[in-house]
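What follows is subunit A paired twice: with subunit B in the first complex and subunit C in the second.
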Partner chain A sequence: MRIEDFLEKQEKRELQLVSYLIHSGGEADYAELEEHLDITKASLESTLDSIAYSLRPLSENIALDYDGRAVRLWMDELFSMQELQHFYLKQSVKVQLLDYLFRNHEFSLTQLAPQLALSESSLSRKIKELNRYLKEFELKIWNGRVQGEELQIRYFYYLFYRFVQGKEALKEREAGISLQIVQTMENYLQVSFEPENQARVFLWLQIAQHRMHTKKTVSIRLKENMTPYMEDKLYQKIRSMLWRFSSRYSVEPDEEDAQMLFVFLLSSGVLPEPFFHDYRLTRNRNSPAASLDTYLVETIIIQYGYRKLPYMLERRMYHTLSQIHAALYFFKGDLEVHDRLFLLEQEQKIAEESVRSFAETLREITVEKLKLPNETNNGLMEWSLLGYFSVLVMVTMEMRQVLRVGIDLKHLPMYRETTISLLGLLIEKVNGVEAEECQPDKPYDLIVTDRREAEPLETGGKVYVLSELFSPFDQKNIERILQSLKK
Partner chain B sequence: MSEKKYIMAIDQGTTSSRAIIYDKQINPVGSSQKEFTQLFPQSGWVEQNPHEIWNSVQSVIAGAFIESGIKPKEIAAIGITNQRETTIVWDKETGYPIYNAVVWQSRQSAPIAEKLKQEGYEEMVHQKTGLTIDAYFSATKIRWILDHVEGAQERAEKGELLFGTVDTWLVWKLSGGDAFVTDYSNASRTMLYNIHDLDWDQDILDLLNIPRQMLPEVVSNSQVYGHTKNYHFYGTEIPIAGMAGDQQAALFGQMGFEPGMVKNTYGTGSFIVMNTGETPQLSDNNLLTTIGYGINGKVYYALEGSIFVAGSAVQWLRDGLKMIENSAESELFAKASKSKNDVYVVPAFTGLGAPYWDSDARGAVFGLTRGTTREDFVKATLQSIAYQSKDVIDTMKQDAGIEIPLLKVDGGAARNRWLMQFQADILGIDVQPAHNLETTALGAAYLAGLAVGYWKDLDEIRSLYEEGEVFKPSMADNTREKLYHNWKVAVEATQTFKPDVTID
Partner chain C sequence: MNVVIIGASFGGISAALQTRKKHPQATVILLEKTSSLGYLPSGLNLLLSGSISSLDEAYFMTAKELKEKGIQVYLDTEVRRVDLKEKSVVCATDSGSDVYRYDKLIVAAGSTPYSHKIIGTQSTKVLTYKQRAQAEEAWGVIQRSRHVAVIGGGQAGIEAAEALHENGKQVTVVESMDNVLFKSFDSEMIQPLQEEMIRKGVDLKFHRAVTAIEEQGEQLVLHLGDESAVCDAALLSVNVRPDLAFLDGQLPLNVDGTLMVDEYLRTEDLDVFGVGDCVQTPFPLTGESFYMPLANNAVRTGMTAAENLMEPVRPFVGSVRTVAAQAFGWYIASTGLTEAETQFYARPVRVHHKETKTSMLPDAETVHLKYITDADTEVLLGVQLISKENILQAINTFALAVQTEQPMDTLTGKEYFFQAGFTDLVDVTNLEHPFERG
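The block that comes next holds the complex of A and B.
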């Protein structure tokens, strides 16, 4: 599910237009926009009018100027596209409907329609639309309730309040007790969350606290998936922590609440790496993710032929892979906040060609080992591809050998230093290259020099004699040599 | 059901873990290796995180499968060989170690060993265990852990704690806590095991106040101890069927099945192990008596001697003296030497081991002239490895009263053909480097394969064994005697040099 799916067609188009303007440097002519949005001039003009109307409350942050030929965007330096998106989302009927459902657990059409200023038939249509998107999460609004596995409901609302409605919407609710649980958890597990992660745990707990009052919940798949984790030491600790906590406060968690908190901690990346590392060393292998993490780390090592990885890099790999695998194992669906395809394309720019296909191979292994159903509409599968891709980029970047280039200029007594600095900057444009003035007795992979003498330089590395200072010809040749040295 | 086509050997060493998958013709078809962290909490202490050892083993299991493309269900059995003596004590219920693994080199329990010696238990311990009292063995390490972890003694007495060497730890983990066993070869290195009675020795247990209930059951080197839990082996339950300490596994991997068979593994130091048959032979020269292996209801004993400096002498030439750039160059230099073997290097960097046992001795060089070259020096250093091996092997012959017709060798220096020829010359017997130098893992694989009928018997294994090149002695007897005599003189001279170390 994409975050824009909470918006109506017209609202989506308006955001799309602003986004296009941002990517086009803040200005575009009508013809471009008509083509991009696939609309007529009349529709474009009506869209522009609608945006202008919508943006009135944000006049100090963002404004559009259009004159029948071109559109220009002005945005305050402290304002972002994300904030604009939030502004639209907050007004979305679907968002309000989901928020209402969370707060009230149940509703009737006659009760809710007036509150949202909708007719009952319009409300039914919105629910139908929402159900189409919620299907990915295996959830459904039915009989006045959100129905599905309790873990999926909490997971969905966690994403909803984190990315769509804004955490502040929940601030006052169950805040006190959730904060106490976070603090208890930090003491009991001897873990210290980063502030951002603490806020995420807090949000999960707020949702959990609220959902604990729901009477009819379903946790069939959770129970099944948790079977291999029942003896897990971290799970046992979380369970005992919640029990102890509930004995002192008016909270009544059940086994599933502990399980869902455990699942959240494993899959959300909130656990600090050192804590996760200690847990990983002692965790029960009778959990699908644990074996898979090891299998994929070794697959990556073998694929790239690394004899030995830096220990800390291996730990980071485990930390990330483990989150991906826990999420794929326990959850269904994902809320696509950023365009994944765009992100993949960006990452592809700094990665070797083969990384994308290898990331897909890793995903295939995961599907096979976790026995995941082949679902085309599960956004988590696409999300995992991005995750694997990121791990591979992280590994290949870190393991890349740094090439050292020495600049040896003998014939420029006057502008020598400036020239060396400039040349160094040009050479360092190639990734993984460090350039400096040539130091005697220091080994270099490449020495760039203006020497004319015939005598060879005392270096084991390659030598390139500049034909002309700052010539594109030399720059191209040096880049070519450096690329070949990398291989 | 898929055919079981392969055997997996897990070689859990001091600095790294390896897994090798062998086919029936003992061709390695996939392998993986992973180093793990060494901890040095204090000077002379060496420890490891048992969880990290375990995780490294899990990683190499996965790695070997990935590299080979072989499926776990195609594995007929698993054999384990391990760093010996390294001591782990863990909670029976939680499976959590109560302290780091105390590694064999670690000296933190030396005061306990020293006290036992001072109290006059040396002879008793030697008679019962075949070992000399030293912090090297597991017994004092267990005592140290029980002394230094709060409440450990009490918990051990209540039966809440378990002790194991690395083999025991790995089998316990792989089998999900079902099998708590060790094998004869590892048990005989604990300094708690009575090698005559084949049982934990109650007198020594009482002496060190170690509760018997924390010790594993001692079983043969080749039998099914348990099965991997399916979650440790990618959905498959595979028999764990072979176990041996690394040096004993190497003896087995070198086909050292008959009394009088000797193998020498040239590593940083050098470990020489001799099969002495079904009766233990106690050494009069401080060699260690140990159990080589126990299989099919029979126990075969061994004598073991170690040389402190072997490969490390070559490292010294490379890193310390910078005379060579790599180990392989030592062979070229030795060949190029024109000297008449009149330079002697005694690399007693940390004292002299068997049969001299002089910890105060320090290295020396003899026979230098104006004409001595770098090549001569390198050759003399290589020769010192061969002389020291002869010292131990001659002592073994004397202690066991068994003739040694052949020395089987493996390890890095076994690739040095010049050294192998000189070793044969100075011993006056054939020297045979293993064709497959991975004898340790091979030994574990053989033991596991035999237990599950993957290989029928020792004869079938013998038929698979590919003999390496044999280096035959070609030195005249009088030359050999003269050279070795001069070596002895050099050692004697080295031992007389005892400088006063109290002067700054």
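The block that comes next holds the complex of A and C.
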């Protein structure tokens, strides 16, 4: 589910227009915008009028100026696109509906429709639309309640309040008790959360405290998935802490509350790496996520032909992989806050093509080992690719053994320097490679040349003779040679 | 002035009596939903153990006594609604409904043990016994049962387990934590009692929470995660909770569903007070407020609310959670923080163990003591004791010391009576001395 899915079509279009203006330097003519938004001039004009109306409360932060031919954007230096998105989200009926459902556990159409200034039929339509998106989380608004596994409900609302509605919306009566649990947890587990992570744990606990009073909950899959973790030492500690804490209040703790907190801690990345490392040494290595962590670390080592990884790098890999795997094992669905494809493109700019395909292989292994259903609409699965990609980039960057490539272009008196620079940039796309114009008496791992009579290097390095300048064929061969040299 | 009190157990009756004493001119109206008042919630245990011969003896107060003091008592009167604007209480009675107008209202509606997470508690073989009618039903079922499970190993659960055992029943106790009475005792301190329970054939199932109860023929099956236990009946001895549905959300509640009150026990509506099991109690050692549904807290909050009816004069001092019991041949008592609970205490602590004798006579029993002090200030934070002899009164001295934040020096140097037949060379409450002996 994308964060924009909480908005109506017109609201999405308005944001899309502002976003386009930002990417176009703050100005665009009508024709460009009509094409980009795929709308007629009349629709563009009505969209512009609608934005102008919507932005009135933000007149000190953002404004649009349009004259029938071009549109200009003005934004205060301290204002961002993200803030504008939040402004729209806060007014969204779907957001208000989900917020209401969280606070009230259940509703009737007759009771809620007037509160949202909607007719009952419009409200039903909104619910239907929301249900289409909630399907990814295996949730459904039905009979006046959000229905589904309790873990999924808490997970969805955690994402909702973190990214959509804003954490401040929850600072109510649960705040005091949640803060106490965070502090108790730090004390009891001997862990110190980073401020940002502490806020995330706090948010999870606020949601948990609120949901604790829900009478009918479903935890069938959680129970099944937790079976290999029941004797886990961290889980046992969390259970004991939560039970003892709850015993001081008039609440009825249950096994599932502790299990859900455990799942959150494992999958959300809030546990500091040194703490996770200590936990990893004692955890059950046969549990699904743990054995997959080990399997993938070994697969990565074999793939890149490393004999051994530096100690701290291996620890960081386990830390990241364990979060990806715990999330995939326990949760369904994700709320896409950032454009995933855009991020993937950015990552790819700093990595080789082979890294992406290897990330995909890792994901396939995960699907097989965790016996995950092959779902096309599970955002979490899509995001895991980015996660593996990051791990691989982290490893290849750190393990990079710098290979020196000398470029020797003797048959090219004209534009020689420019050509060497361009060729160098292409070669350096392979991680851990430095290219320069060949210097006499300097050792190189590889010399790329346009001369067939090139002498074998004294250092034992390889020579590659270019078949044609800038040909994809040469580029592929050079990449292959460099990869083999790395091993 | 009309003072209406909802609920006639420890909190409500204490509030009524104190109101009568402090405000002789006031009309005091006590509303009770059951057909009797002043019932001892442990009546069934007393009956099972033979301490009383009939539930008729399990009362600490009667309607007649209260009426003689000028308190209007209405039994079988269940509060349905409170109207804060109209200052009235609407009740259902046998003959229809009644409305009582108030100037001051004290909510002392008590609590009930229930679980909305355990499936199947509605079975007639799952017993609660806090009220007289429930105890009567439970008594009947227990008489016909051979094997009874007790769900919850707190004080009420352990006392019930002993009473059932004494009654010749096979007993299983299911406790979700690692030891019985975990709120008040650390595991090593309660170990002797647990060993005795096991020796007497009680089946202790720790670290297990009952998820569902199922009737199978004449028997009950308790589902405990991946295992189960079979019995003829089960006593539900889990945490109690208040039921404040009649307030219909008009007054703010705490996250745990208790009534939010200030230090004078006033709710957001200053003419409405909350006492007993309906409110959280300040725990001065950590500066927090907890839910401590103890009779002594109910009595003290009831009296405090009555003192503050007209103006806020006496804040409620709170509780250091003082408990004592006798079970399976052991006398046990605790006050203040346990070691396990020090995770909620912000400062470093020191833990001490000690053994002493109950007298100087040859047959004197040993008293095992554990006490926790603040590592820097040496202020006493908590004490647990266990002995074969009745030394329960000693916990009251410790409770006062903890409540008034006394340093160890005060206890060490305090005066005590010496009598070889009743004390050791130094009293059990003079903690720091060189005459230790086990």
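Note that in this section the second predicted complex is superposed on the first by the 395 of 487 C-alpha atoms of A that agree within 3 Å, B and C clash if a C-alpha of one lies under 4 Å from a C-alpha of the other, contacts with A are read in each partner's own complex, and residues count from 1 in each chain.
By our rule, a residue touches a chain if its C-beta (ideal position, glycine included) is under 8 Å from a C-beta of that chain, and two chains touch if they have at least 3 such contacts.
Note that the coordinates shown come from a computational prediction; the quantities given were computed from them, not determined experimentally.
Once the complexes are laid over each other on subunit A, subunit B and subunit C both fit without any clash.
Contacts of A:K308 after superposition: subunit B is touched, whereas subunit C is not reached. Once the two complexes are laid over each other on the shared chain, residue contacts for A:S119 go to neither subunit B nor subunit C. After overlaying the two complexes on the shared chain, residue contacts for A:M241 are found with subunit C alone; subunit B is out of touch.
Looking at the shared chain after the overlay, A:H213 reaches subunit C, while subunit B stays out of its contact range. When the shared chain is aligned, subunit C comes close enough to touch A:Q180, but subunit B does not. When both complexes are overlaid on chain A, the residue A:E252 reaches subunit C alone and has no touch with subunit B.
When the two complexes are overlaid on their common chain A, residue A:Y295 makes contact with subunit B while staying clear of subunit C.
In the superposition on chain A, contact is made by A:R285 with subunit B only, not with subunit C.
With chain A used as the common frame, the shortest Cα distance separating subunit B from subunit C works out to 15 Å. Considering their complex, residues 111, 115-117, 176-178, 182-183, 209, 211, 225-226, 238-242, 252, 254-258, 280, 288, 290-291, 293, 340-341, 343-344 of subunit C touch subunit A. On subunit A, the positions that touch subunit C within their shared complex are 173-174, 176-177, 180, 184, 187-188, 209, 213, 215, 230, 240-241, 243-245, 247-255.
Contact residues of subunit A toward subunit B in the complex are 228, 233, 280-282, 284-287, 290-291, 294-295, 297-299, 301-302, 308, 311, 369. Put simply, subunit B touches subunit A in their complex at residues 32, 35, 37, 49, 51-52, 54-55, 58-59, 62-63, 66-67, 94, 96, 176, 229, 231-232, 234.
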